[in-house]
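Two complexes, one shared chain (subunit A), two partners (subunit B, subunit C).
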Partner chain A sequence: MTSRKLLSEAKLWLVAIPVLLWTLIPIYHIFLFSISTKDSAFSGRLWPKQPTLHNFVTVFNQDHFYLHHFWSQIWNSLWIAVATGVITLAIATCAAFAISRLKVRGGRTVMNAALFTYFIPAAFLAVPMYKAMGTYGLLNSRWSLVLAMVTIASPYAIWVLKQASDKLPWELDEAARIDGATPAQLFRLVYLPLMVPSLVAIFTYALLLAWNEYLYAFLLLSHENTIPLAVGLGHFLSSDDSPWELLMATALIYGLPPAAIYYAFRRYMVGGLTSGAVKS
Partner chain B sequence: MSAIAIPHPPLAPKRGLSTWQTWGLILLAPYVLVFLVFVLYPVSYGLWLARHPESYKTLFEDPVFFTTVINTIFFLLVAVNLKFILALYLSGFFVHERRWIRWLSVIFIIPWAVPAIPTVYSIRFMLNPEWGVVNSLLFRWFQIDGPNWLTDPQLAMAMAMLVHIWKALPFWTLILMAGRLAIPKELYEAASVDGASAWQKFKYVTWPSMRTLYVTSTLLSLIWTLGDFNSVYLLTGGQPADKTHVLATLGIRYIRLDQLDHAMATIVVALPFVLPMVYFMMKRLSGDEQKTS
Partner chain C sequence: MASVSFSQIQKSFGKTPVLHGISLDIADGEFMVLVGPSGCGKSTLLRMLAGLEDITAGSIAIDGRVVNELDSKDRDIAMVFQSYALYPHMTVRENMGFSLRLREEKRNLIEERVAAAAKILNLGPYLDRYPRELSGGQRQRVAMGRAIVRDPKVFLFDEPLSNLDAKLRVAMRSEIKALHQRLKTTTVYVTHDQVEAMTMADRIAVMNEGRIEQLGRPLELYDRPANLFVAQFIGSPAMNVFDGAVKGGAVEALGARWPASFSKSGGLEGQRVKYGVRPEHLEPASSGIAAEIVVVEPMGAETELVVKVGDTSLIVMTRGRSTAGPGDRIFLAPDPAHAHLFDAASGLRI
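Now for the complex of A and B:
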């Protein structure tokens, strides 16, 4: 019996080790480059001869041609991510409340329109969106990226919030209505407090989506004062002798916040975001 | 853009109801506005731009387009199916109740949680034929010269598929895992009592309860993989000689060349394939709604 148990345990490890390596190698490679000198990085070593933090110093001091706008790019990324999170949350919360609790006429049609947007591949929507942003005169303004990301994030946000809202007991609304509550009071005093976990999940979702976005960012923003860090990283490869060790140090700084935020809010994210997806 | 107006509600039969309906419309208005301004108008205008038959003629005559279509079909068929077979298998691994497996699942999510550009660039350098770690290890350990991973179009496409799978696998594993966890444990216990083998348990218990979820997820992933710009663009940039494009990157390439009607035509070509699936998915989710309410 114990040997059989050992065997099944060994089988699990036989899956676990390749999975671990597969997941971590590209990430370790970023870390490795960020603490290596250029020579060491290009020699294919698995651990630098002399690990150094010099790359990070160079990045923070903006001490390279590609890094002259590092801090302003981080600021842009942050600004765009927070604005997207706030606006998406506001729009989606109101829409989900109207559809789910107020049973507004046409709510179903709007939900379908939102789902349509959600299912269309983002890269396909990018082409007409680019043209439209040009027409609106928004190209090269950070707002263009914020509004594009709100457009992409809100359908899923509305859907998840609607699913969560549908689960709230209907008796609460009836009681509130009998007591003479206005819709605004119902929204503020009943709906919002009960929805907090889903609201946290949706805010985080929209925030990360905007921070991580590359395609829309590089299409809509090209002026050096408005580009976020993702686009800045993209510029690194415009020449042949790119400073890969600096690129990877910057990339590590760029990738850490979303990973940290994801793990900080994982409790909300997993419950809040997969519940909807699994239903079908 | 002043032409956009929120549709007025028809007069409600009861007066009390109409304040609630008015509030509903007010709260719905911001999203409706976003949809009209940033989805409906751009898409309609884009389709209007793509109305000329000449755009399609030049598009079909562009040799890059033909290669791109072949690439896209291969990318979808291979990457999506491989990803889902792996996800189905790994979801069975991750449902084991062990503390260390829970920790592993936390690590396993990283590729999905972090942005694409750092990790894809990292893989790109690993595959660099001269300085990348892959070829230098191949040489150090086996004394063989590794291939030019990213300058051979077929190999480069295969690598782009790997990048896509690396990034998207955790999410779908999570989804299928939730599907597995929803299967009542009693079914497995009963099967064990009847002396079912692991394969029989999968065939008669797991698969029948997961089939719908599996098919729906595969379809959804098919549509989204079609829009996967990052895995291809950040790895190869469509190079060498524009031989590693997929439809998503080709559309953007035409934008960069300032040929917007060709960019739109590229997308319109994919619509007969995309729209039925989108419609099916919408029906599926709306249908669910009817059942619950």
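Now for the complex of A and C:
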């Protein structure tokens, strides 16, 4: 290796190491708390004297005041995330197909209007959204959060899928039309199979957006049996003497599914979310 | 099998007119080539026949039935695209059978038709491959197979050979022609390559700027181009054309007298004309118009000479080999029967 190469490599490491530490130290902190006993959690050691998995047992057995609804709350999180992913995908795919491939009149306007909603921060929309859900009697129903998350995820999803659709060769549609395909058949037999990578990416995006949501979940859902785990975790902090070791153990469990999903679909994530961003 | 008839077809994109009233009748079983430079409207005309573009004015009939308002799928046509447009997620077999599948034909009928088409096109070994696993020529054949399987009334080809290399293009050219002779399906073929047009067509429509300049059999166009555009577009290397004036039964041009035969005698004396003569009709002779050789391009069976008469470069094609070299003086004796005269102002054949 020449010295020049070595130098540029060294520069990369100089950036990479701080970034890595920046990311990993909090995660390590969570991990450290979750395997510590209550007394030793704040001892300031880098590795506990007596590491234990007892905290996880407590969590799984719902053996603490704050954990009485652990399983139903994680089920809520999953239910809401999957429903958000599925509905967002259905809306965005149909919209992108109509705008990009069927060239529906006014399609561009619809897309621009949807993107325009991002000018308003989601936090500002929280109160109107609360009011709207109240009007429809959806407060405290998981559907209220699903609908809110779909609203927030859809514009971006439509935009990404529209960009990806635009890259499919136009002749394929023409060939299919000549072959006798109706728009519905074109959608099902030609469009969807070719869009799979982008669809996976968008499904994952919406799923994780809902899984990680706190603000809307906190506002729209208040019953212990309807809240997702993210809000449940927040409740840990409502007393003076919070069980930090249990909070961190639960948080670690809560963080695993997104990590697993990212890992499983990493091939699609990079390609799918950036497709259409640049001319390839 | 069917006839195709365009009548007074007009097309505008927004306010830009691209086709100005095209009328063209294609007979049952005919191989019609639309040829012209890019932007002349030939592909637009084909796409209108396919139902992929709206018709601004005029009507198109297939087999006597006006199809203006019919969907592509109801026109009973098949089209081969320049980019092949194969479905990337389907095997060759699925690609070829797709149209039948959409028509909900029986599975064994689809199998049978696909197998028959694959046999014609030598695609048997590739039926279970995906398009990305095929070479350009094979993809082209699959695209043709997809068209054959449907047994349509009309085949449409939109520059199908443009993406192939030169050698493959020549091979596919004869394959398409052989296919047409076998199936005898009415075919409309669009290309910008006049060689393709000449070699494949029953009749050629030469198009330019949204109009048909001339319609006729290949050798008709070659021997009697109706105007300057066709004269210079058809033939390779292109016809030599230069300015002159009619004087005493010949044309004075480039400081020499060029023999010509006039179809209508008299009344032409002194008229400004364009004198056209094809390179192979300018063979060197022992006497005639003096020219100086600039470049010699031996091609084996024939030799192409670039010569200068006065200040104008002309191309001369001689059969066999030439011992001449650059700087040599030769004499040209054009055959008056093969000289083409065009009116200098209108460009029309005299």
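Before moving on, here are some points about what is shown:
FYI, the second predicted complex is superposed on the first by the 260 of 280 C-alpha atoms of A that agree within 3 Å, B and C clash if a C-alpha of one lies under 4 Å from a C-alpha of the other, contacts with A are read in each partner's own complex, and residues count from 1 in each chain.
Everything that follows uses one rule, which is that a residue touches a chain if its C-beta (ideal position, glycine included) is under 8 Å from a C-beta of that chain, and two chains touch if they have at least 3 such contacts.
Given the structure is predicted, the values throughout are model-derived calculations rather than measurements.
Subunit B and subunit C, once both complexes are superposed via subunit A, fit side by side.
Within the superposed three-chain model, A:169 lies in touch with subunit C and out of touch with subunit B [touch as defined at top]. Legend: residue contacts after superposition of the two complexes on their common chain; A:179 is shown touching subunit C, with no touch to subunit B.
Of the two partner chains, neither subunit B nor subunit C is touched by A:197. Of the two partner chains placed by superposition, only subunit B is touched by A:120; subunit C is not. Once chain A of one complex is fitted onto chain A of the other, the partner contacts of A:48 are absent, as it touches neither subunit B nor subunit C. Touch criterion met: A:254 reaches subunit B, while subunit C stays clear of it. Rounded in steps of 10, the angle subunit B-subunit A-subunit C defined by Cα centres in the superposition reads 90°. Touch counts on subunit A: comparing subunit C and subunit B, the chain ahead is B. The superposed three-chain arrangement places the nearest Cα atoms of subunit B and subunit C 6 Å from each other. Within subunit A, not a single residue is touched by subunit B in the first complex and by subunit C in the second.
Taken together, the subunit A residues at the contact with subunit B in this complex read 12, 15-16, 19-20, 22-27, 29-30, 33, 42-44, 46, 90-92, 94-95, 97-99, 102-108, 110-117, 119-132, 135-136, 147-148, 150-151, 154, 158-159, 166, 182-184, 187, 208, 211-212, 214-215, 219, 230, 233-234, 236-237, 244, 247-248, 251-252, 254-255, 258-259, 262-263, 266, 270, 274, 277-280. Contacts from subunit B toward subunit A in the complex involve residues 1, 7, 9-10, 19-21, 23-25, 27-28, 30-32, 34-35, 37-43, 45-46, 49, 90, 93, 96, 98, 100-101, 104, 106-111, 113-119, 121-123, 125-126, 131-133, 135-137, 140, 166, 170, 174-175, 178-179, 182, 212-213, 216, 220, 223-224, 226-230, 233-234, 248-249, 251-252, 255, 260, 263-264, 266-267, 270, 274, 277-278, 281-282, 284-286, 288, 292-293. Subunit A makes touch with subunit C in their complex at residues 169, 171-172, 174-181, 185, 189-190, 193-194.
Put simply, subunit C touches subunit A in their complex at residues 50-52, 71-73, 77-79, 81, 83, 85-89, 98-99, 102-103, 146, 150.
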